[in-house]
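Before anything else, here is the set of structures, which you'll find just below.
Each of the two complexes below includes chain A, the first together with chain B, the second together with chain C.
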Partner chain A sequence: MRLEPVANPGLARSLGYPAVALGLTVVVASLLALAAKADPFATLGLILKGAAGSKFALLETLNRATPLIFTGLAVAVAFRAKLWNIGAEAQFYAGALVAVLLGTGALGFLPGFLLIPAMAGAAMLAGALMLLGPVMLKVRLGVDEVVTTLLLNFIMLLFISMLLEGPLKDPMGMGWPKSEPLDRAARLGRIVDGLRLHWGFGLALISAAVVWIIQARTTLGYEIRAVGQNPQAARFAGIPVNLVLVKTALLSGGLAALAGWSEVAGLKGNLTLDISPGFGYTGIIVAMLALLHPGGVVISAIFVAGIFVGADSMSRAAGVPTYIADILLATALLFMVLAILLTRFRVVRG
Partner chain B sequence: MADIIDILLSASFWAAAVRIASPLIFATLGELICERAGILNLGIEGIMVLGAFTGWLAVYYGADLWTGVAVAMGAGMLFGLLHATLTVPFGLSQHVVGLGITLLATSVAYFAYRLALPQVTSPPRITPFQPYEIPLLSDIPILGPALFAQTPLTYLAFVLAFAVWFTLYRTPLGLALRAVGENPGAVEAQGLSVTALRMGAVMVGSGFMAVGGAFLTMSAFSSFFFEMVNGRGWICIALVVFGAWKPGKAVLGALLFAGFDALQIRLQQTPLGAEIPYQIFLMIPYILSILALIFMSRRAEVPAALMVPYNRGER
Partner chain C sequence: MTDKTTAQDIVLRLNRITKRFGSLTANDGISFELRRGEVIALLGENGAGKTTLMNILFGHYTADEGTVEVFGQPLPPGEPGAALAAGVGMVHQHFTLADNMSVLDNILLGTEPLWKLGMGRGAARRKVSDLARDFGLVVDPDARIGSLSVGERQRVEILKALYRDARILILDEPTAVLTPQETDALFETLQKAVAQGLSIIFISHKLHEVMAISQRVLVLRHGKLVGEVATQATDRHKLAEMMVGAEITPPAPREARPGAVLMSLKAVSTAARGNQTGLRAVDLDLRAGQITGLAGVSGNGQGALADLLSGLEVPQSGEMHLAEGETARWTPRAAVAQGVGRIPEDRHKTGTIADFSLTENAVLESYTKPPIARRGWMNWREAEDQTRAIIEKYDVRCPGPEARIRLLSGGNMQKLILGRVFEAAPRIILANQPVRGLDIGAVTYVQEQLIAARDAGAAVLLISEDLDEVLALSDVIHVMSEGRLSPEFARGTKTPAELGVWMAGQGFDDAA
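Moving on to the complex of A and B:
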């Protein structure tokens, strides 16, 4: 078999294949429920209900989506330039760490309206620096960034663990490895009083808009696309490819770090080793399902968060293991990349 | 310093180094085969988790140990087939598909573990492979216990390394495989199928990765627990680069790496080690992998068609 480009895909083709991909994911979900001896329809219903069945559930989903929007944007920005940043997890923790370092008194002299922007800026800087190392190794020495960013995730987690058992350990923490809580002034408030949704979500939406403007309306956005599509051609056209990659890395690392900062300052209030259940890695799925589009990232982050939140609550009720959520996202991802390909190419025999 | 010399002179250190290297050798060889054929397989981490789980589960349900190894290999090949289908004939991004396979294989293993053992708090154990002392050879001081008193799976790792080297460099199949990672168009012109060669390489390579994972549950430890692969797959990808895509050098790299790992475990127990946070020691393997990549970056002879999909009729 070989692939032949389809000149004019048409609406049926463009929507048909992605719809089939979603349908197949639902079939997989049903099979998994059957394997766990649960009723497939009831299981799917419980996931939906747990994700969006009540005001509380919906807010929980949006809270869970907040870090995913940031990490999804981080991945989308980098992947656009074919910069394979798989290190959003480490950058997340860099941002979370800065939130704790600066939010527990170090910047206590700043008035509130300066404190929070200062923390966010410092967090972005830390995340950006975290990715600067691998990208410099890539452009200077040709070291593959996939492996270096992946390995940095493990190093960063051990580093955080060391700090939480050492200098950052909360003396009032009953022996648990967790940091001191942030000062009240350093915490993000709620968007609406009484509703459990913090300003991190608002900032995530603003970030998505900013990324969209950068991608669609600025020279940098154009350069990032050019570098991603064909670095040789971009270089030939006079685009400073390495500089563009470095700028992309700073943006991407900064966005991922905002996720960590917003989780600490908006939701948890302190730093623990398990503050991220893999938000950095899940950001990759969010970005891919969104076809690397910043607006799509918001939607797919809410979708992905909904599956996780829904699966958690379904698991308590129906007894199907929560890992069903991860399987569904992986199958959705693989089906979807294939479906997108099939909208543009047709399979020919011979 | 005296501590380090004491450690280096103990037979148990060298035995540990070879033991730690074994799963890495399996998985590194698997990745090497894939990359030699032109496919980067980022599914390695998840396929190792799946191999560790399926091999262990088969034995837990009563299969004998070698059947368990075969089950792990089969599971690995199945996910290799999925990876290969998406990346070879369809030519999808090897980064995206690989990471997707890792997530899928890992979560399938965890899901199935929870289904098979719903209410366990401490993971159940199996009787793993036992060390087999090769007569006479195992009596050699230091070298004997290190090399010749290991479990059969460790011996298999070294046999496999030789077999992979022999196949790649001494058989027509190996020549075709290497060519398909360098210049697939030329292979097609010879009347061979690029698709079949690449898919076969990814399947077999993924099978080896799964056996590497199975080593953890069936030889190194006796039970399956979450996070047990813990980045070993990614380290193996670094080892392939460090070994310049050559089986012999990759095995040496794995042994060197495992030597450092065994050393850091022992250093933790010395008076010096007690003063340093243990996390510093645990970071060493990952830092070493990054250093290895930097060290080899100038010299690496990357297969020319690595990560380049091949679509017939495009040229």
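Moving on to the complex of A and C:
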């Protein structure tokens, strides 16, 4: 068997295979529900209801989607340049750490309308610096950024753990490894009074729009795409490939750090070791499902968040383990990658 | 099949081979026969279907229709080993040899089972040296491939096929990498092979070689067999017409009016990179209103010189001067800013970005400045307008400026690159293999454009492996060998054979 490229995939081909992929994901989910001795239709219905069945459920889904939009954008921006940033998790924690460092009194002299932008900016800077090391190693010495960014995740997590057990430990925390809570002025407000959705979500949507504009309208976006698609031709044409990679890394790291900052300042109010259930890694799934498109990232982040939130609620109601969410996402991703391949290539025998 | 005696003489028969890729019919009902002791030339432009046909013969592709018979036995379709086992050997354009192994090991590799490699080497060595003697393929069986010249490597490829008892040899563009002298040696070998009853398919688009070596010529055009003629009964001009399907007129030579030196290199050396030869103390003057041709076997430093002019490489020693003065840092962008227009060797990998639109490709070198961009904001409307103008002026056949460039033929891709380069009004033009792989219509167009640029006062450096092209277009010629540059020869002062001596590395001051 071989793959032959399809010159001009038609609309049926471009939409048909992804639709089949979603269908197959549902089939797999049903089989899993059966294996857990539950009614598949009821299980899927409960997931749907839990994710979007009420105002509360929907807002919960959007809340969960917020960090995923940021990390998804971070990954999408980097992957466009074929800069394989697997370290969004570490950059997430860098942003979360800055939120705690600056939001617990260090910048208390600033008025609220300056404090929050200052924190966000500092968080972006920290995330950008987090990715600067790996990208410099890549362009200077050819060190594979997959390895360095991936390993930095564990280093960062252990570093945060050390801080939470030591200097940052909340004295009022009953011995739990968590930080002091943020000052009220350093916290993000709610978009609608009384409902849990915070302004981080709004900022995530704005970020997606900004990334979209950068990619479509600016010379930097053009350079990023050129470097990603053909670095040899880009270099020949005079595009400073290494500089573009560094700029991409700064943007990507900054976006991932906003996720951490928004989780601390918008949702949780303090830093714990379990603040991210792998938002950095899930960002890769989000970006891939979105075909690296910033608009698609918003949609796929909400989709992925919906599956997590829905599965949580379904699990409480139907007794099917929440692991079904992880399996569902993994299946959806695998089928989707296959579907994308099949829209661009056809399988030929012989 | 009706006549018993001819049926035995026929060693290979292709019967109505048809192969489609989507809407493209790469081979359309092609039938021909190859007889014992015969050389047939398979002639056709790039994309005419030569390679597809050979891939079907070798089982890499399965034909949609039609059959292949070798020595009267049908070949099972889609089995890559079948043709080899039936006695068909192929010498590819790009060699398939392991650089770090000896000649003998390369010949045995994939031929003998691995466990036998150690044993029976004596017998194998005898067989190889017998073959080498019989066919005039002089090569040391213990030499490492990495230390051999291109011509010698090709001999190893041919030996490999003969060692496997090939009775039918297929050579794909075998002379593209050879000096004229090496080509003559190859032709002698082929004649010896034919005398011993082998049959040969010679794939080429160089007409004089086809005339010299073949008994019959098959011409492919757009996947169809459009002509089958005895070589004696035709001439180069008729073959070219058959190949293109139209009458062609090569650009008429016009007198050059050389002007000032726009770029000069004084004893420039560059570092060797990977398997790319560096420059060794190269002196070169590029004059306005003159085409400077660079001949030489590929891989002898042309790449380094092209990189140097393109801004991808800087001199390790020596001096490089531009008429406009120096730039602080020599980069591709600096080269463009200094008025160097660059037509790269590989238009697919270096010249364009396959999945970018024509517009995005057209502004690759100009996107930083107004009117295409202001303060980092792209003006895509302006970019598209400029691209439309290039499409119009340079006759780029395409669905539109928004189409992905990979959908274009090589000729149209090259026209877009020409437009991109020429619209920047360069004073120095680097044309590296500007017509390689183009069909004859596009070749003529590109060459006309280069001459027109020369007449408008540009200094053109033409790098080509095709000696005929260099001779036809250049006002002055240099030869490159192992990173060294020969003195300048004025048009018409050296014969191809004399240049061949330089290409082989003789005549240089430091020649051993």
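Following the convention adopted for this analysis, the second predicted complex is superposed on the first by the 350 of 350 C-alpha atoms of A that agree within 3 Å, B and C clash if a C-alpha of one lies under 4 Å from a C-alpha of the other, contacts with A are read in each partner's own complex, and residues count from 1 in each chain.
One rule holds in what follows: a contact is a pair of C-beta atoms (placed from the backbone, for glycine too) under 8 Å apart; a residue touches a chain by one contact, two chains touch by 3 or more.
Model, not experiment: these values are computed from the prediction.
S.K.: Where does A:257 make contact in the superposed view: on chain B (first), on chain C (second), on both, or on neither?
M.R.: In the superposition, A:257 contacts neither chain B nor chain C.
S.K.: Return first, second, both or neither, reflecting whether A:6 touches chain B, chain C, both chains, or no partner chain.
M.R.: second
S.K.: Should A:211 be classified as contacting the first partner (chain B), the second (chain C), both, or neither?
M.R.: neither
S.K.: Using the touch definition from the top, say if A:98 reaches chain B (first), chain C (second), both or neither.
M.R.: Neither chain B nor chain C is touched by A:98.
S.K.: Can A:331 be said to touch chain B (first), chain C (second), both, or neither?
M.R.: Only chain B is touched by A:331; chain C is not.
S.K.: Which partner chains sit in contact with A:219 here, chain B, chain C, both or neither? Use first/second/both/neither.
M.R.: After superposition on chain A, A:219 lies in contact with chain C alone.
S.K.: Does chain C touch more residues of chain A than chain B does, or is it the other way round?
M.R.: It is B that touches the greater number of chain A residues.
S.K.: Is A:230 in contact with chain B, with chain C, with both, or with neither (first, second, both, neither)?
M.R.: After superposition on chain A, A:230 lies in contact with chain C alone.
S.K.: Check the residue A:74 against both partner chains and state whether it touches chain B (first), chain C (second), both, or neither.
M.R.: neither
S.K.: What is the shared patch of chain A, the residues that chain B and chain C both contact?
M.R.: On chain A, the residues that contact chain B in one structure and chain C in the other are 4.
S.K.: Where on chain B is chain A touching in the complex?
M.R.: Checking each residue of chain B against chain A gives 42, 82, 86, 89-93, 95-97, 99-101, 103-104, 106-108, 110-111, 114-115, 118, 195, 230-231, 234-235, 237-238, 241, 277, 279-280, 282-283, 286-287, 289-290, 293-294, 297-298, 311-313.
S.K.: If you look only at chain C, which of its residues touch chain A in the complex?
M.R.: Touching chain A: residues 21-23, 61-62, 77-78, 310-312, 331-333, 335-336, 342, 344, 349-356, 360, 364-365, 367-368, 373, 376-378, 380, 407 of chain C.
S.K.: Considering only the defined contacts, which chain A positions touch chain B in the complex?
M.R.: Residues in contact with chain B: 1-4, 32, 35-36, 84, 86, 137, 141-144, 146-148, 150-152, 154-155, 158-159, 161-162, 165-166, 281, 284-285, 288, 319, 321, 323-324, 326-327, 329-331, 333-334, 337-338, 341.
S.K.: Touching residues of chain A toward chain C in the complex: what are they?
M.R.: Touch residues, chain A against chain C: 4, 6-8, 217-222, 225-226, 229-230, 232-240, 349-350.
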